[in-house]
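Take a look at the structures listed below.
In the two assemblies presented below, subunit A is common to both, partnered first by subunit B and then by subunit C.
For the complex of A and B:
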């Protein structure tokens, strides 16, 4: 990895965002909607379950932003005709995607905070955190794990112009399988195994353990196990994404098919 | 003479949009996307309703609501973003310089999304019946199908109205997202409209989707079309109103964009 390339991609993504920040709106709407629906369904807005709903909504906010911003950034290169120069530069495509994903993760954090804020101001949920330091740490870890899934999905965008369809299909499964709003214990057992293989599932569990008093872990794990699993799976997903991006990059350079329409 | 010209424009715009859409995304992937998104949306809210166990909101209640919601996303959102996409790919000025009315051109381009809305309705109702245990045994299938078709047409009016703004602004996608998502919160898809504060209930009853959801629930419960005339009349009236407003809005924003040179501005 080349840190300079990662930093440059981070800065480039920041400039893109600042010049046209309105695109944060679509990615924040669906998590806000889901949280609002859950809070409307709970008629009594007190107690730990409501806190879980708000925290889950925050995680969904991070995911929506990470998914769309990170993976679509390659699509915009395709539209703008900058994908070819990007592939011809000596930097690895993984560095560029990772730099962009880091910026998007940072903005994703603001999405989460917005969900907390709206829940507080509109629904008066009175959220209080059990361990604020651990909460923040686990939230950041979860965010990184979501960013890595965004990087993995970006392989589809490098490979094909149809990547956007793949990304839109990935939005809801993570909402369901990560256990952010609904515990994975109520899912069919086959789906629960898929949930265990996703790093955000462990991250969400850790966030809730750090924030909600009396919360029972979805996997029966304690905080350390959750954190270890998030880190392990995040690294694993990153290595898979890096391997795939390298293979795809080499293949499209050989076949000259990067911007074929 | 003029109506035959409009039909020609409608037809060629439709053909153009079909070719464009399926050149980039094959039909099988488009259908797969619709099936996956419909399933997980329905599954997510069904699981939520099951977990929350609110006595007013059964899983069946949420599943039927989300079947109608899949129609709304396909029609309102997809139709609304058509002018913005033309602007993004740089073909809006060329389209605007033809003698055809932009309203007719974009309506023609939106027909594929109306068909998509019918397909989404069929897929969602199949899921509702086969996977989520919604019983259609006492339901009136003809009424359900008719309500879905009328809902697609009415909601297209909403999409066209939002889409017209895309001529003037940088994009209509942001406004389309806001209207589509906030609209879904206000129309009784996942919880009764009565849960909303009174001032929001007024907005809910200005949304054709509210009546579409009400009529669909009635049809699944066995009501004939004649019994559903009240929500259907309200939904169709709003649909016609939104179409009329969108016709004027297209003319207004087309003129404004041409005068201020914002047709291709980003």
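For the complex of A and C:
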């Protein structure tokens, strides 16, 4: 990997983001609406349940933002005619997608923090965090794990013109399977195994452990297990994404589909 | 032997072939072409739309794997995918058209982005990018978003983008298509300067005047195959025995043109209306006094303004080769 290329892609994505107002919808309005809906659903409850609702809203916002911006990353270049110059450069496509995903992750993090702020100021939820430092760290880890799933899904966009359908299909399952919306213990046991294979599931569990007093963690895991699992699965998903992106590059060179969209 | 080739030639292609699709629908875009490009020269690949020019450039610039055959660029065998990747820092391409830039970035930001992808040190980037913007005449518009650029400006920033890594071989795929004459002239001058500086330039075009002005050697491709090759002079030589008769008339001479088309030795007749007059162009097999007299007699009733011989051009040779005439 070339760190310079990752930073360049991060900057390029930032400029695109700032100059394109449409990103206000997934990045700001969407998470706020999620949180508002959840707080209205839980309006008669207080304490940890409300905090879980706010956390859920934050994670939903982070995922929506990451999913639609990172997974669309390469297909944007193919549509824009910039995939050929990118392929022609000595940098890896993974560098470029990763740099963009990092920017999207940063925006996702600011979404989550915005959700907390609005919950406090608008809905007066009086959220208090058990361990603010660990909360912030685990939130960042969760975000990176979501970003890596976004990179993985970007391969679907390249392989198929129906990539946007795949991304849309992936939106709600992650909300449910990661435990952001409801505890995964209430899911059917078969689905719980899928949840355990997703890195953000462990991240969300760690976030809740750090934030909510008395939270019963998934499978009785403690904070260290959650963090180890989220890191392990994130690295694994990244390696799979990198392998797939290299295969895809090879396929593009074989089929001559760099400008076909 | 390989080193000798690498030193003498920037590019070698031997039986290079590329097909798309499989089975009955398979289409061969490039069909076993063989040619050599010397270092530092401007080499033209001419041909009509769909002839296989862009496919050839994509193969040579590592963007498309050949189906069969062998090609080397700067001594690197392109069938070796990993070696091909290493080559990318030494070559670059420019395609005609408006796509291929980040519109929400300024011209300068586009160049900085690609300079980073090529690993150009930060300390060198300002001088490099300022120099490139100056070279393509975009210094004043450097910080304007590309979405506000005219087509000519976009094409010039494309060229600047392709020069960020100071490529040893530059592929220009129809770089002046759709541009006005003034911008096209500037781009041709730029290409000439690059070649004078030692860059090997491979230029695809279907503008004959462009090839005639720039290219030291050319190949002409039609339906994926080379139908002519050599210097512009060599290719013109194909039609050196031919004669072009030009007649300008006051009245529409279409009936006369139709009858002249059947004369022995006449290859092609075209009539163009220019400023209320009619410009007739008759391509013949050779200078033939009898034919000339016949032509003059036939067109007299339409009011001949002028009549005379023209030298055959590269376009005449190109058309003959592409249309497969003997």
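We adopt the following convention: the second predicted complex is superposed on the first by the 247 of 261 C-alpha atoms of A that agree within 3 Å, B and C clash if a C-alpha of one lies under 4 Å from a C-alpha of the other, contacts with A are read in each partner's own complex, and residues count from 1 in each chain.
Definition applied: a contact is a pair of C-beta atoms (placed from the backbone, for glycine too) under 8 Å apart; a residue touches a chain by one contact, two chains touch by 3 or more.
Keep in mind that this is a model prediction, so the values were computed, not measured.
K.L.:
Applying the touch criterion given at the start, work out whether A:239 contacts subunit B, subunit C, both or neither, answering first, second, both or neither.
P.N.:
In the superposed model, A:239 contacts neither subunit B nor subunit C.
K.L.:
Examine A:250 and indicate which partner it touches, taking first as subunit B and second as subunit C; both and neither are also allowed.
P.N.:
second
K.L.:
So, does A:7 touch the first partner subunit B, the second partner subunit C, both, or neither?
P.N.:
Only subunit C; A:7 stays clear of subunit B.
K.L.:
Would you check which partner chain A:117 touches, where first means subunit B only, second means subunit C only, and both and neither mean what they say?
P.N.:
It touches nothing on subunit B or subunit C.
K.L.:
Per the contact definition in the header, classify A:16: touching subunit B only (first), subunit C only (second), both, or neither.
P.N.:
Second partner only, subunit C.
K.L.:
Under the stated touch criterion, which partner chain does A:88 make contact with: subunit B (first), subunit C (second), both, or neither?
P.N.:
second
K.L.:
Quick one: classify A:80 as touching subunit B (first), subunit C (second), both or neither.
P.N.:
second
K.L.:
Let me check the overlay on chain A: which residues of subunit A are in contact with subunit B and also with subunit C?
P.N.:
The answer is that subunit A has no such residue.
K.L.:
Help me check something: in the complex, which residues belonging to subunit A touch subunit C?
P.N.:
Residue positions touching the partner: 2, 4-5, 7-8, 11-12, 15-16, 19-20, 80-82, 84-91, 96, 250, 253-256, 258.
K.L.:
Show which residues of subunit C lie in contact with subunit A when the two form their complex.
P.N.:
So the residues of subunit C touching subunit A come out as 18, 20, 55, 58, 61-65, 81, 85-86, 88-89, 91-93, 95, 97, 99-105, 109, 112-114, 116-119, 145, 161.
K.L.:
Which subunit B residues qualify as touching subunit A in the complex?
P.N.:
24-26, 29-30, 32-33, 36-37, 40-41, 43-45, 47-52, 54, 57, 88, 170, 173-174, 177-178, 181-182, 184-185, 190-191, 195-196
K.L.:
Would you mind writing out the residues of subunit A in touch with subunit B in their complex?
P.N.:
Residue list for subunit A touching subunit B: 22-23, 25-26, 29-30, 32-34, 36-38, 40-43, 79, 161-162, 165, 168-169, 171-173, 175-176, 181-183, 186-187, 261.
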